[in-house]
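As written, the chain order gives the labels A, B and C, with residue 1 at the start of each chain.
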Amino acid sequence: MSKRDFLSTADLTRHELDDLLDLAARVKGKRPGQVMAGKTLGLLFFQPSLRTRVSFEVAMVQLGGHVINLSADDLYELEPQDQAVMNGPAEEHVKDAARTLSRYVDALGIRAASRTGTWERDRQELLLRSYAKYSSVPVINLETCFAHPCQALADMLTLRENLVSLKGRKLTLLWCNHPEPKSLGPTHSVLHLAALMGMNVTLAHPLGFEVDQQVLDESRRMAGDAGGSLQVVNDMRAAADGAEVVYARSWGCTKYWDDAEREAMVKRSLQDWKVDEALMATTKDALLMHPLPVRRNVAASDAVLDGKRSLIYEQAANRAHVQKALLMQLLK
Amino acid sequence: MSKRDFLSTADLTRHELDDLLDLAARVKGKRPGQVMAGKTLGLLFFQPSLRTRVSFEVAMVQLGGHVINLSADDLYELEPQDQAVMNGPAEEHVKDAARTLSRYVDALGIRAASRTGTWERDRQELLLRSYAKYSSVPVINLETCFAHPCQALADMLTLRENLVSLKGRKLTLLWCNHPEPKSLGPTHSVLHLAALMGMNVTLAHPLGFEVDQQVLDESRRMAGDAGGSLQVVNDMRAAADGAEVVYARSWGCTKYWDDAEREAMVKRSLQDWKVDEALMATTKDALLMHPLPVRRNVAASDAVLDGKRSLIYEQAANRAHVQKALLMQLLK
Amino acid sequence: MSKRDFLSTADLTRHELDDLLDLAARVKGKRPGQVMAGKTLGLLFFQPSLRTRVSFEVAMVQLGGHVINLSADDLYELEPQDQAVMNGPAEEHVKDAARTLSRYVDALGIRAASRTGTWERDRQELLLRSYAKYSSVPVINLETCFAHPCQALADMLTLRENLVSLKGRKLTLLWCNHPEPKSLGPTHSVLHLAALMGMNVTLAHPLGFEVDQQVLDESRRMAGDAGGSLQVVNDMRAAADGAEVVYARSWGCTKYWDDAEREAMVKRSLQDWKVDEALMATTKDALLMHPLPVRRNVAASDAVLDGKRSLIYEQAANRAHVQKALLMQLLK
């Protein structure tokens, strides 16, 4: 039985991405009717969710389908390792949960973004990959520590709506401060897709907040293939200069992945990594993006988040539209 | 963009209330079909709920619409204060949650009834009012410490069904004991609407359990305007005398709002504030109402709750019907 | 008002069981359309659930109906005892919850399987029976410590599909080890129905893990009436010999019901009570069943669970089909 998953932005071709975004634009313009009638999407959340949860349910319902939500509280702990001797706390193996759910639902979305150890471990997305391996229906990544492909799809649709042509446009992906350690999911997925679109991407972060080397290499290659570029800088002023899009988001330090206190200590000296009107004034009248939730007046000021160039709610609204397109492609 | 919220019973005119109850009576008699087809109601519960949760979902589903439920466990903490520097525990501002949800759903219900500090703070309904301010779709109050307008609507429908004409009928709103400090929501909203209907309302409670002065003043004025009256007594025997309706409910002490132990100490001497057959025998064969949940044999005895004059399940059932009418008016 | 509940397998006649399984087989072959349109099923889970939760929602939705899920986190504590003076932690009586929900939904499913004291107490299924007593709509048992009738229905459908005729076939119901104390629900219900089908049942467990005497007596009588038999052995090798079906499942020790540590101590010497290829080789090429969740490589080895003779996912899938049939019979 062949099936298609949507786990990562790394494998998408430019052609596939364009197809998805074209379809999303069409379903945004006009609801396509009850194309999901009789179909059920199961959503498993191992962390809290607002946008992902609601936008997927709305997407499915507006297409005539049904969503079953399961959160960590409804479930026991699940074992992702093959051949495990299950005498610990995990009550069920992912293998059995995935195979069982595959008999009930037509697709499965999984949010599995908790920190479980080192970056070397968490970058492997064990729980998500185990679901994908054992499920016989399509599996959708609803965010891991490593990737958040649905967010990046919505972001690309938003950029297309506002810039028309993306090739050669300067997008600055800017680290900003945050009191908590955050996932690298949105950062990695946006990096991939902005590169795939041939944008000139500047990745800006303080020393110590490097993104995953593999994602960086992939993105650099994708940008080159598409006639764009990717540079990394450690100075936010330099990064803002000439930017047409500032995409702000905090992410965690992979080196101190299992040491939140140490990361917090490092970040104490990084409080000027914040997007405000002074910074935006040095850009080329840039659009502001952020995947939300955002720490107001820490990561970015009220003035820029609520300003005329802010696209934050367009990004959120577009989640529903790209996900409709995704569901239509995966379940057709 | 103009939109209508349903946050309070204080602003309702008699005409609006009659319209709502007339519509509720009609939809109770005959299901109006799929008038909510394609519409989604989002419900956010920051406290547990049985009746509100199920009655809203049933109401919406029976009208052909869809409900998305979010409970506190699915969500991170939200910041209600404008201009806050968000370096504390709150992961997202209500502004962003409300504006995002407004892009996905057609109306939002919010239960935000937790005690967060003093009465002076909680009577402001900060979280609810912040949602209403920033949401671009109608917001419905699903209970705060200060108001529970949907409950009072159901109660008025129940009274109309049982008394036909409400004007001049004697309703006693009676404080009763309870091991926990309770919200003033149902009390305030019933006070408003019974006054608006021109009933002769007796509010009876022990010293120290005064309701909010503003609500009392508003209700007294509304009762006067409608040809009814409002008196406050601190003696339950006097209050029961001649009552045609006894509406029982416990509520908290606003003076010791942040001191549950002190309230509990005061209540130890108030254990006779309980509705039983002896008390009901002194009324004018009164109907018994209570908004549920009720502490049986503490607030009211099994005999009266299960007796022939008890309307408690009619009140609960009418929640679904008044809420259908409310949704039809807010979303038309 | 007469209503039908589905609480136990003890009262089912062979004729009723055949009818249910025949209907399940028909709806499995061909979806019967929107026979539940306009109907709502309420599900209350006081413990986590994967299969039961999802299979009931899928069943109802595929029949055109709606499900409202409530989990323990959404609810306050409920009082099951009649005449209780409710000054403890329970915020509402089951009587009021059941009567209220009966006004909103068309049927109620209850999972109430937590250990609350001694076996003598928990075998009475107080919470479930209280819901059934006070609800005016059909109540379905979604598992207690004592019974799990929906699981056993799915198991019988699975057996019928694989063995055609069940009478006289040898089924071994085999206790297996598990790090946690488990309910006796699936064991009791499978025992009842395998006996009702006239199978030759061998119940195999270590000394100290006796099932409930009443269930054993009932099952022995049912087996005799149906031309089958029931024997109890304390040796797993003897039990496997000649078995055509091995039904594995762990269950708790009723004697130490309120002493998990003592049960754990006893089980330390029972680690060979595990189903593996060596054991299966001594059977008559037996089918392997287990109701899931299963502790892999503790209760049963990967090799047998993933082997050709394993029916574990068929059992799970059949939950949805038998439950469709059940809902159609209860709500017709």
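The rule we apply is simple: contacts are C-beta pairs under 8 Å (C-beta built on N, C-alpha and C of every residue); 3 or more make two chains touch, one makes a residue touch a chain.
Keep in mind the model is a prediction, meaning the values are calculated, not measured.
In the CA-based superposition of chain A onto chain B, the rotation angle is 120 degrees, rounded to steps of 5. Two copies of one chain, chain B and chain C, form a contact in which under half of the residue numbers belong to both partners.
Inter-chain centre distance (chain B to chain C, centres taken as mean C-alpha positions): 40 Å.
Contacts with at least two other chains are made by residues 73 of chain C.
By the touch rule above, chain B contacts chain A in their complex via residues 38, 40, 42, 66, 68, 70, 73-76, 79, 83-88, 91-93, 95-97, 99-101, 103-105. Note for the complex: chain C touches chain A at residues 45, 48-51, 53-55, 57-58, 61-62, 71, 73, 179-180, 292-298, 302, 312-313, 316-317, 320.
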